[in-house]
Amino acid sequence: MLLNQFLILGAVLFAIGVYGVLARRNGVMVLMSIELMLNAVNINLVAFGVQHGVVSGQVFAVFVIAVAAAEVGVGLAIVLLLYRNRRSINVEDFDLMRG
Amino acid sequence: MWMLENAFIIPLIPAISFVVILLFGKRFIGPDRVHVVGITALGLVWVLSALAAFQWTQRVEHPPPDAVVQMASHADDHADDHADDHADDHADDHADDHVVVSENNSGDAHGGGHSSPLIRPVISTFSQWWSNGGIEFSVGTLVDGLTVLLLIVVASISLLVHIYSTEYVKDDRRYVHYYAFLSLFTAAMLFFVMAQNIVQLIVGWELVGVCSFVLIGHWWEEKPNTDAALKAFLTNRVGDIGLLVGIIVLWGTFQTFDIDAINTLIAADPGAHHLALLVAACCLMAAVASKSGQFPLHTWLPDAMAGPTPVSALIHAATMVVAGVYMIARLYPVFYEGLSVGTSSINLMAFIGGFTALIGAALAFAQWDIKKVLAYSTVSQLGYMVMALGVGAWTAAIFHLFTHAFFKACLFLGAGSVSHAAHHTFDMRKMGGLKKDMPHTYRTFVISSLALAGIFPFAGFWSKDEILLGSLVGQKNSYPLMLIFGCVVAVMTAAYMTRVIWYTFHGEFRGEGHPHESPKMMTTPLWILAGMAVIAGVFNLPGPVLEPFGLEGLAHRIQTYVEPSVYLSGLGLSHPDPSLTMALVGLALAVSGIVVTYLYYWRRVGLHGMTERNRYAKNGYTFLENKYYLDHLYNDVIVETVKRPIANWANRVNQNVLDRVVDRAGETARDTGRWIYKWIDQGAIDGSVNAAARGADSSGEGLRAIQSGKIQNYGQLLFGSAAVLAIVFVIVV
Amino acid sequence: MDVLLAFTRPSLDWHALAPELTLLAFGTLITIVDIIWDERSKQAMPTLAGMGLLATLVPILTLAVDGTERSMFGGAYVVDDFSLVLKALFLISGYVVVLMSVDYIRDGDYYENEYYTLMLTSLLGMVMMSSSRDLISVFVALELLSIPAYMLAAWRKGGPRSNEAGLKYYLMGVFASAVMLYGMSLVYGLAGATSFDAIAQELGSGPSNPVAVLGILFVLIGFAFKVSAVPFHTWAPDTYEGAPTPVTAFLAVASKTAGMVALIQLVFVAFLGREDVIQPFFWVISALTMTVGNLIALRQTNIVRLLAYSGIAQGGFMLVPFAVAADAPARAIEAVVIYLAIYAFMNLGAFTVVLAVARKTRSGEIDSYGGLFRYAPGLAVAMTVFLAALAGIPPAGGWFAKFGLFRALLDAGGGWAAGLAVVVAVNTVIAFAYYARVLTQMWFQPVADGDDRPIVVTGALGAALTVTLLATMAFGVLPGLVGHFGEVSVLSALGG
Amino acid sequence: MEATGFDTWVLSLAVFLPLVGALVIMMIPKAYEAELKLVALGSSLVALIVGVYSAFQFDYGAAGDLQFVVDKGWIDVINSRYIVGLDGLSLPLLLLSLVVVPLCLIYSWNHVPEPGNTKAFFILLLILSTGMNGTFVAQDMILFFVFFEVVLLPMYFLIGVWGGEERRYASLKFFLYTLFGSALMIISFLALFFLSKDSSGELLHTFDMRVLSDVAGVGIIKNTQVWIFAGLFMGFGIKVPMFPFHTWLPDAHTQAPTVGSVILAAVLLKLGTYGFVRIAIPFLPEGAVSWAPWIGLLAVIGIIYGALACLAQTDMKRLIAFSSVAHMGFVMLGIATLTDFGINAAVFGMVAHGLITGMLFFLAGSVKERFHTLEISRLGGLLKSVPRMGWILGFATMASLGLPGLAGFWGEFPAILSAYNPGAGLPEETFRTYMVIAAVGTVLAAGYLLWLYQRTAFGEPPEEFAGHEIEDVNRLEWIAWTPFLVGIVLFGIWPNLIFNVTDDVVSGITASVEAIVAGG
């Protein structure tokens, strides 16, 4: 099977995700980008799992998906909290503490 | 022989009296009565020393079998009773040395001109003093003729000075401390002269130095006194480098500190370790120069006159300053071999001695302070002794040491008595005509002066004559240069003493107030010393003088009793036969000196005012008055390095090349310390440390920039460094 | 496909799982109690939580006594001495943190019950982490301990700083774990299995493979983030400063320890074969972490932030042994474990003092410690001990931790190790420079704003203080106590 | 030999009694000042008595071997044990530190320096004492290290809390310097632990100093030895302090409170030199041989340099501090010769310097108390205003410039002497040069000390103090000082009191060094 294509897809997705995290100012978009990265990982895992013909890859992927859900939940909660207190979800604004 | 074996008691007594006076002086005894303690102690010391001297003569007259070195067996005893002084491995070859010694002795007993058997010194050692590297070093006493001679001298002078002082420093602000330290000094000096090993020599040497420091600075409220005290101590310290190194070299060569052993080893095999001995001797010469005021380290001695006059008499005329001479005599083999006295017609010691004698005498002319005149005269006489030792006339030197002690002490005490009368001034320009007011002082002063000048039949005549004789005949070949020095000095000595007497006792009284004779407590010691100045000569009369009276037996007593032939025989010292001509020449020179000066001052003939008229003479005079600018040299170079001018000499700065050079040197030297401290220590070393600290601090500040507070910068940093690491590792690994 | 269908229910060793289950039980219990009597239950919460943690220690003890090594889920989950030691450590530090929290949480406006629930959950994650020997279980444990921590960091609802702390921690956290996961996926891809032993076999040796290197690096980086190693530390200072102080202590100690545990497993079991990657990586990282942490700490004026950077530096010290992981594995693990144990107590102690002082001064500035020795000598002395320990000065505990590092390095020997040793030496010196600034304030300076009323130390804080102080001193005077645990954990971790 | 019965307790008591005292005092509230003072003095005195007892029980015939040895398990994981023992090398130094502490307590009995707080002050002194005593008896490197470090914090606080103007800077500097040194030192210890082999080539893996000095570094190749020695050199050399690591000393001394300076000079500096003799040289003979010339060089530089720096000082206390640099230079020179002569002299020098410089610092402290200045230019006429103190100062000065008959001499003279014939494998010419330089140093010493004395004691007291009635030496000072004065005289007159004790140990050390050098 075409392992490499999957890997490349994964890598590309991952790269996009990274770019998003580092470049987008909107908190929510950052969260999305992280999801993107996680899915890149899932693709890799599943692909490898199939290549090796073992189930663990998919199991791992399932775990990742589950955890990702939880993470995003917490993430949104925090962003919401910030929005309530600061009226902004622009990650650039949050630099009360530095140095 | 009990006294000789237990000689340690002698220094112990004044030591105890020191402690007693210092601790109980003020409270229990009472400031006005402390001298009783001191005098009693010294009286005791004197008796014991006399006893020791007597017992020594007995030992020489009827030597107990174990005292004579002839057959090898004694070598073994000796080896045994010294096994604890130096490493055992030495004991053996030590024994062999003795065999050699005895052979030598039988060899040149006749050539050496003395048939007396070689009497071993009485050596008694006490518990191990210190130990190191498994070797145990004992403290002990070495008593022989030289020791007892010094014992007598120190005890007598010190006793007389104690008595004299009761009047002289009466109601002084520190009467108690004064007597305490007189006692301590006496103790240290006695300890020094009976030292059994060279470490003890150092100890005594330094202790007397400290006492002189304390007593010179006795009136420490006035800065000049303390300056003088410091100058004395520091100059001696400079010499002590030599002492330290020299003794270390001796240790390195012979692996023992034991004086007896060292002397015997050298005497046994004169040729060996010549280089080491040369180094050692030169180093020790430096010490001698500093302690015994030899050129060029003599400048402290005149300043030391800042101390109370009795102190000057005791320490800076009779006893401490001869410590150097004593050390040469004590370790004579070292110097003899090291400086190859026997084989060359000139050597360091003789030259330094002669030269010192010369300049000392010359400087004595330029002084107006009576004590300074005497001080320079002391310098010159010490030079005489060193010169005598340098030419190999051991006995003559010691003989002169003996006689000189008495008449010079007498002169100092006389000067003290004068100033006591003339309102505590020592400036001869404020004296004059004291002859009638203080007859006793006058007479004793004149007698001692004659003795010093070397007029027949006073003590000085005999000893000086022997020195001149020694340098005439010398060892193996004569010392013409030294002979010339000696003669010139003889003339000058006579001359400057006459000058002193003129200015002090004759002419009109130039001071204010009514001078009066000093009380008994001061004149009595003067008379005693004057008496000695007359008769001290008899102790070493040459045979011919005595033949008419059929007393040949009494000839050369000092040579017989004092000379440590057991050490010297190996060196093959000779004793020149007395020569009438030499004696007459010496006498003539002295007389001529007196006569010329007499004419100059009393009869007003001669080149009066020459120094005013003649430019050269004037320069010469200034040159003398400035003591050859040596003081500048020391003050600037050496003392300024030590940060503060020790003598207040600003008024004597001359526009003189030497001086300007010296000034610069001084400036530079003085700031060295400060410079090093400022730049090297605080600047370079400490600076770098602090700089490191600052660097860390500021880099910390710089790094804080990373912590921008912006999440995404964090992210970039995170992923960026991740990427970098990844690339690096992927490539490298 | 039959492979996928061949599923057999794994055998569960209940004794082995007892600690986790107890913890879980108490977590749920707290929630239930909260639901039943919400307001009235407030007082009981800390007690419950504390009891839960102590209760959890019981099965751990029984397991330790029993001593047999238990393995489940095909080696994905192992209970051995190593894991037991660390579980105990987690629970004890958790207990101290609870003690620290009691008054703090009660007096501020916080959701109290959830706070403890989340803390227990996070601890559950840590406890699991110490047993995980498999990529999946490690990942799950990691998230289980992290997610509650994200929330706790933001726990001061109204406080913008706290929110910001939470956000930063969260975003960086998930970002890092995404990176880590990517690395894991690659590793998995090459090994074809998730269990560490398998990975060790597959990656262990053989020619270097860029993908493997990349995978390993990313995985390590994920945890390097967790232990706030430079340059992945950036979140730590801000989060520590913003988060409620007990939480900060929790993050600085417990979650850092968790990260270290994971690293130990990964490095010494899974990747040990690739020392060509591991050792240089950790050499660089640890040197960087120590130095940067210390240098920046020099410039801090806020005590918590100072402790944050000091914590980063300490993390750097802990990473040092990894740089000789392959050359001297036994000593290295020993060193790390010992360091973790001692660090937990001395750092918690320091934070406890900070809490106690802050209750009076209401300030985190170092200057507010002026003259502490005058009006609160007890606290001053305690703080002195903790700082001395952190600086590694006998007889306070820290010296033995540092000693462990040197020991590992010199056991490995060689120029690189010696070089790192010197770096450590220099850093201990720098470190003292800023600890000394606190000491200076406490001892040498006049009382800040002249207010020298004594400080009342509440019972809970007092208890926390006593525990940490005693432990710190005991470890210093009789390092054997802690040394023993280091030793036992080595044997099991290296399967020896 | 393993001790039995009460003797097993002797050393532990001597070491830990002060600590116990400190703990007890912590319990006593500040209000009961008299009580806690008594407890402090009591504990330190009992420790001293125990020490004296050990000195009497000590078998001087076997001064070469350890006595009162206790060997119990301590940190098994790293195979480090609680081993303490007393031999001829430790005994004098242990007694020194045991004597100094109670005297310091007495001295500060009624006037603890600003800002007061007797309790804390005494506690710190007692902890300090435990650290110092422990270092001198520890026979296990880790134990040694711990005690060596325990000393730091108390001294840090003594300087920092009770010190002068610049105290923060001085205390931190002192601390960081020493910390750096000891960090490198522990690295070297570990290197020794891992590399030492016994004669059969077996790795020893021990911290036991007895064993390590027996094997004397066989099996560690020379290069490694040199490196390990370098670490030890930093550790001990900074403590000594040797040029150029000395800059912490003047600051620390100048800023420290009087008793702080006294203890620093009397005992703390000795930890470094003791380390050289006890650890560095016997464990690494070859390293020592290759380092000795450089140590000697730094030593003589220290001698001259310290003296010159003294001449630049305007502050009495700082001058004394720099004189320490010079004096420790003599000690290090003695050690550098690797001869029994030199090392014995060094040990003597440690004790002598402890007594003399300690005395000088006491004096400086009392002068400061009475005149509120140590500016040499502002002082003067002490002999007049406070005669007894003036005389004691003179005495101490003389002792310090190495006057024969007082203790100072026996530290200097044999040290210089030993440089004439340095130990096996050392360049003779070099060391003879050192010898001469050192001898010159003695003159400079006389220079700056007498200069100091002239400026402070001689002359008339300056006007500013003319009016006031100034108290001369008071009773407490007499009690605190007399032992020092007696010691200086006693050891000066009969140096064998110390030489005899140390000689066996030292000979043993040098013998093994020579054996190694001859063998290699």
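Letters are used for the chains, namely A, B, C and D, taken in the order the chains are written, and counting of residues starts over at 1 for each.
Keep in mind that, in the parts below, a contact is a pair of C-beta atoms (placed from the backbone, for glycine too) under 8 Å apart; a residue touches a chain by one contact, two chains touch by 3 or more.
Quick caveat: nothing in here was measured; it's all calculated off a predicted structure.
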Pair sharing more residue contacts (C-beta pairs) when A-C is set against A-B = A-C
Can you give the whole-Å distance between the Cα centres of chain A and chain C?
-> 25
Quick one: chain A and chain B, Cα centre-to-centre, how many Å?
-> 97
Whole-Å distance, C-alpha centre of chain B to that of chain C, is 78
CA centre of chain B versus CA centre of chain D: separation in Å?
-> 37
Can you list the chain C residues in contact with two or more other chains?
-> 167-168, 171, 175, 179, 237-238, 299, 433
At which residue positions does chain D touch at least two other chains?
-> 176
Name the residues of chain B that each touch 2 or more other chains.
-> 693, 704, 707, 709, 711, 715, 719
Inter-chain touches occur between A-B, A-C, B-C, B-D, C-D
Contact footprint of chain B on chain C as seen in their complex | 167-168, 171-172, 175-176, 179, 208, 210, 213-214, 217-218, 221, 225, 231-232, 234-235, 237-238, 276-277, 280-281, 284, 292, 294-299, 430, 433
Going by the contact rule at the top, pick out the chain B residues touching chain A in the complex.
-> 704, 707-712, 715-716, 719
Chain B to chain D touching residues, read off their complex = 128-134, 136, 199, 202-203, 205-207, 210, 217, 220-221, 223, 226-227, 230, 233-234, 237-238, 240-241, 244-245, 248-249, 251-252, 642-644, 672-674, 676-678, 680-681, 685-686, 689, 693
Enumerate the contact residues on chain D facing chain C in the complex.
-> 73-78, 120, 142, 145-146, 149-150, 152-153, 156-157, 160-161, 167-168, 171-172, 175-176, 179-180, 183-184, 186-187, 190-191, 193-194
Any idea which chain C residues touch chain D in the complex?
-> 334, 373, 377, 384, 388, 391, 393-395, 399-400, 403, 406-407, 410-411, 413, 418, 421-422, 424-426, 428-429, 432-433, 436, 439-440, 443-444, 478-480, 483-484, 486-487
